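You will see two complexes here that share chain A, one where it goes with chain B and one where it goes with chain C.
Let's look at the complex of A and B:
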C-alpha cells in the first residue's frame, strides 16, 4: 500500500490522528496509574533510591491503623451525595429559568457560569475570607441583621466545616450543571410541548411528562460527572481547610496527597489512591457500558 | 582551503556561543529558602546576594522563596531527582532537617569549616547542631530562633497584672485575671496546625520537665501512661476553653497576629521574628516579652541552617557564599532584619530596639533549648500530634483519649 493510499484509508487516518494523543495518554495517564498500583504494594519515602516490596501492608494499614482514612472516606461519600443532589437541582432550576425569553438572559447565563472558570484555589481563598469569623462577610452581614449569635466558626467547627466547604464548591460548580441542562433543553422537541399544552397539560405536567424524559440523557451525564468530580474533590478543600480542623474535612484524594506529598509515605498514599480509583471505576464503567449500548441502539 | 578555514571559524564561534551560557550558569548558584516574614528581611537577603555577586564578578545567587510546606515538598522532589538547589534552608536537629541529611541531600562541610574557620566566627550553641550527624559536619547556621510570650502592656495593666509570671501556675492565674477582666488571654490560629502546637509544646515542658518532655518527643515514653502527658492535654483543653480568643480553629497565624495587634487578645506565643512584624504593624512600645515560664531553664526555640546540597555543581561557590553570609560585616549590617540576634559572635549590638534587647538578654540567659514538636517528631507522628492537639483544642476529645490515640499511632508504626 502506498503512503497516499494509507492516508486516504479511513481506518489509517483514524490511527494517525489518534496516535499522538494515545502516546501522551499512555505516558502521562496509564503509566503513572500502573506505577501507583505497583507503589501501593511498596514502601517508599521518596528519598531512598530503592522501593521495598511490602505486599498488602499499606492496604491493611489504611484500613485498620490509619486514624483518618475512614473519616476521609465518610466525608467523600457525604460530599458525593451532596454533589449529586444540590448542583444538578439548582443547575436545572437555573437552566429552566434562563431558557425563558427574559431580559438579560445571556448576561445572566454568563454570570452564573463565571465561577466555573475561576481556579478552585482562588475560590477557596475568596471564601476563606468571607468565612472569617471576626472580619468575614458572613459575620458582618449577620451582625448588620442583628443575628450576630448566628455567626459561626464556619471553617473551624468540625460539625459544619465540611458543609461550609461544600457551599463554596456549590457556588462554583452549579454553573457547570446549568450549562449542560441548557444544552439539553435545546434538544427538547417544541412540537411535543405545544401538543401537550393543546391537550390541556399545565406547566408541571409539561415539565414532568415532556421535558424531563427528554432530559434523561443530560441528567445521567450531569450525575455521572458530578460523582466523578466529587470523588476527586481536592483543591477547594485544600484551599479552605487543608483537611482540618483535626482532619474533620479530610477527603480521600486530599488524604492520598497528604500521605504522599506531606508525610512522604508514597506507599500508603498510593494505596488510598487505588481505593479511590476502584470506587471511581465502579461508577464510570457502568456509565461507559450504558453510553456504549445507547450508541449501538441509536 | 579558505572554505575549510571558514568552516573551522564558524564551528569555533558556534562552540563559543554554545559554551557561553554554560560558563555563566557555572557561576550561578541557587538558594532555596522560606518566604521572609517582612519586606525588610526580603530586601536585606536580596542585597546580600547582590553584594556577593558584585564582589565576585561572574557569579550570581538566585534566591527562590516558598511557603513552609511548599519548600519541604520541593526539597523532597529535588532529593529524588538529579537536580536541585546549591544551597537549601532547613531546620537543625534530627527531625525535619535531619531527614534530608539522612537521605544524602546535604553535603558534608568539614573541609569548608576548616578552610573558612567558621568555628571561630559563630556562636558555639548554634554550631553544635552541625556536629550531631554521622558522616561529617552538615550545614551552616543561619539563625537562632527563640519563641516567647509577647504581651500587650495596656491589657495586662487593665487586668491588674503588675508582675510577670514566674512559673506556669502564675501564668494561668494571670490568664484567669485577664478572663475576669473580659480580655481573651492569648490568641492562636488553628488552621495552621503548628500554631496551636506551640501551646502544647510549652505546656509539656512545664508539666513534664525537660527530661520527660525529651523522652516523650523521642517516643521513648508511653504517652498514654505518662501522667504528665495526659495532664498536659488537660491543660491544653483548659486553655482552649477559657483563655484562647475564640473562635480560633478557623483562622490562621496571620489572622491571629492581626487580632493581637488589634488588641483583641493580651498575649501571643511567637518567635523573635515578630519584633520586626510588630514594628511594621504598630507601636513596639505597646508590647513586651517574657519566656514561657516552664521552670526548666530551657528556651523554646530552634536553630535554622543553610545546607549545601549534594546536587550542587558549585559547592565551592556555595560555601563561599555561606561564608560571606555569616561574615561579621554582613551580619552586622543585617542585624535585626531577620532576627534581633546574630549567629556571628563578633557582631556588636548597639542601638537595639527595647524588644530586640530583650531577646538578646533572653538568648544570653538560656544555654539550653527545647524544640518545636513538629521538628522533633517524624512527619507522620507530627501529623497525628497535630490531629489530637486540634481535637482536644476543639473540645472533641478527652485528654486521656488524646494521649492514648497518639500512643496507639506511635505503637502502630512498629
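Let's look at the complex of A and C:
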C-alpha cells in the first residue's frame, strides 16, 4: 500500500490522528495506574533492580502496623466531608447573589474567583504567613476586634491545624463551585420563575420549588468534583504543614508520597495509593454511569 | 454549549423594578463584605512584600508600606533563584500547552468525525481519565520516567503533563466538534480532502474560542503544577517556579518582606493572564462540567 493510499483510508487516518495523544496517555497515565497496583504487592526501595513479590503484606502492614495510616484516613474523610459541605454552600449562595441584577456583578465575581487560579503551593505559602501567630493577619485582625486571647498558633496546634488548613483551601475553592453554579443557573427556565412569581410565590418558594430542582444536575457535578479534588489534596497540605504537627494534618495522598519518595518504601506507599484509588473509583464509576445515562437521555 | 456558558458573563437585568428593593441592597452589602474578606489576603501579602523585617514587626498588617522597600523583590529574585525557575517554568509551559492542545484536538477530531470500532469505549476511557488523580501515582510515575532516564529533564516532566492534560481537553473538544454540522466535513470529504486537511482547515479555525479557553486554563494549570514536578525534578537547576517558592519558604521563612515578594512574583503571571482573559476561564471550565 502506498502512503497516499494509507492516508485516504479513513481508519488509518483515525489511527494517525489518535496515536500521539493515545500513546502518551497510555504510557504516562494508564501504565502508572497499573504499576501502582503491581507495586502494592511488592517490596521495593526504588533503586534495587529486583522488585520482590510479597503478596498482601503491604496492605496488612498499612492497616495494622502503620501508626499514621488511619489518622491520615480519618483526616482525608474529614477534609472530604468539609469540602462537600462548605465550598458548595458558599459557592451556591454567592452564585445566587450574583444572579440578581446588582451593581458590580462582574467585579465581584472576578474577586471571588481569583484565588482559584493561584498555585495551591502559593496559597499555602500565603496562608502560612497569614497564620503566623506573631505578625500574621489573623493575630492582627483578632487584635483589632479586641480578641487577642483567641489568637494562637493556628498551624502548630494539632487540634486545629487541620481546620486551619481547610480554611485556606476553602478560600481557594469557593470560586470554583460558584462558577459552576452560575453556569447551572443559566439553565434555569426564566419563564417558569416568572410564572411562579405571578402565582404569588415568594423568593424562598421560587428558590425551593423552581431553582433548586433545576440545579439538581449542577449540584451533583459540584459534589462529585469536590469529593474527587479533596481525595487528592496534596499541594496545600504539603506547603502549609507538611502533614504535621505530629501527623495531625497527614492525608492519604501525602502519606503515600512520603512512604514512597521519602522513606523509600514503594510497596507501602503504593498500597496506600491503591486504597485511595479504590475510594476515588467508588465515586467516579457511578458518576460516569450517571452522566452516560444523562447523555443518552438528551 | 459554549454560548450558554458564555452567557454567564453578560449582564442580564431581568427584573428591573422602579422602587428600591431592600432585599437586594442587603444582598449587595453582604456580597461586598465577602469580597473584602476574599481580597484581604492579597492586600496583606502585597503590603508586606514592600516592608523591611523591622517594619513588618513594628507596623500594622494593613498599614500601607509608606517607604516601600523595592529591594525585597530583587533580593528575593536572586536568593530564590527566580531567574532559573521562571525560565524552566516558561520552557515547560510554552512547549507543553500548545503541543498538548494540538494532539488533543487531533484525537478529539478522530473520535468525533471518523467512525471506527471501539470509538465509544475509547471515549469512555478518556472520560475516565479526567477523573483519575495523578497524586495517587507519583511513585510509579517517578519509576517510569526514571526508567527512561528522563528525571531532571524537560521531556521527563512534559510527557506526564501531556498525559494528564489530554483527557480533559479531548473530552471538551470532542463535545464541541460534534456540534459542528456534519455537512461541512462531508462536502469536503466528497471533494477528496483527507481528514487531516478537514481538521486543520475547517475544524481548527472554527474552534478558536474553545481552543483559546483551553489554552489559558492549561497555561495556568501547567504554570501552577507542583506535585509531579516535586517528584520528577530533583535537581534545583531544573526546578519550576512552584518548587522554587516552596524551597524559598523552607529556607527564608523569617525574611517576611522577601518571602512575600517571592509570593507576589510567583502569583503575578497567572493573575495577569486571568485578569486579561477572564471570560475564557469561566466559559472553558463550565462548558466541560456543566452542559446545557
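We adopt the following convention: the second predicted complex is superposed on the first by the 278 of 298 C-alpha atoms of A that agree within 3 Å, B and C clash if a C-alpha of one lies under 4 Å from a C-alpha of the other, contacts with A are read in each partner's own complex, and residues count from 1 in each chain.
The definition used in the following text is that a residue touches a chain if its C-beta (ideal position, glycine included) is under 8 Å from a C-beta of that chain, and two chains touch if they have at least 3 such contacts.
None of the values given here were measured: they were computed from a predicted structure.
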Chain B versus chain C as contact partner of A:288, first or second or both or neither: second
Contacts of A:261 with chain B and chain C, given as first, second, both or neither: both
First (chain B), second (chain C), both or neither touched by A:155: first
More chain A residues in contact - chain B or chain C: C
Touching partner for A:89 - first (chain B), second (chain C), both, neither: neither
Contacts of A:246 with chain B and chain C, given as first, second, both or neither: first
A:171 touches, of chain B and chain C: first, second, both or neither? second
Partner chain in contact with A:31 - chain B first, chain C second, else both or neither: second
A:133 touches, of chain B and chain C: first, second, both or neither? first
Contacts of A:46 with chain B and chain C, given as first, second, both or neither: both
Chain B and chain C footprints on chain A, overlapping residues: 46, 261
Chain B residues touching chain A - in the complex, by the definition given at the top: 69, 72-73, 76-77, 79-80, 99-100, 102-105, 190-191, 193, 246-251, 255, 259, 264, 379-380, 383-384, 386-388, 390-391, 394, 396-397, 405, 409, 412
Residue numbers on chain C that touch chain A, as the complex places them: 4-5, 7-9, 11-16, 23-24, 27-28, 30-32, 34-35, 38-42, 44-45, 48, 56-57, 60-62, 103-104, 106-107, 109-111, 114-116, 122, 124, 126-129, 131-144, 159-160, 162-164, 166-167, 170, 194-196, 199, 220, 223-224, 226-227, 230-231, 241-242, 245-246, 249, 253, 256, 259-260, 262-263, 266-267, 270-271, 273-275, 278, 281-282, 285-286, 289-290, 292
Parts of chain A lying in touch with chain B, wherever the complex brings them together: 45-48, 61, 65, 67-68, 131-134, 152-158, 161, 241-242, 244-247, 258, 261-265
In the complex with chain C, residue positions of chain A that touch it: 7-8, 10-11, 13-14, 16-18, 20-22, 24-25, 27-33, 35-36, 39, 46, 94, 97-98, 100-108, 110-115, 117-122, 125-130, 135-137, 140-141, 171, 176, 179-180, 182-184, 186-187, 190, 203, 217-218, 221, 225, 228, 231-232, 234-235, 238-239, 253, 256-257, 260-261, 266, 269-270, 273, 276-277, 280, 284, 287-288, 291-292, 298
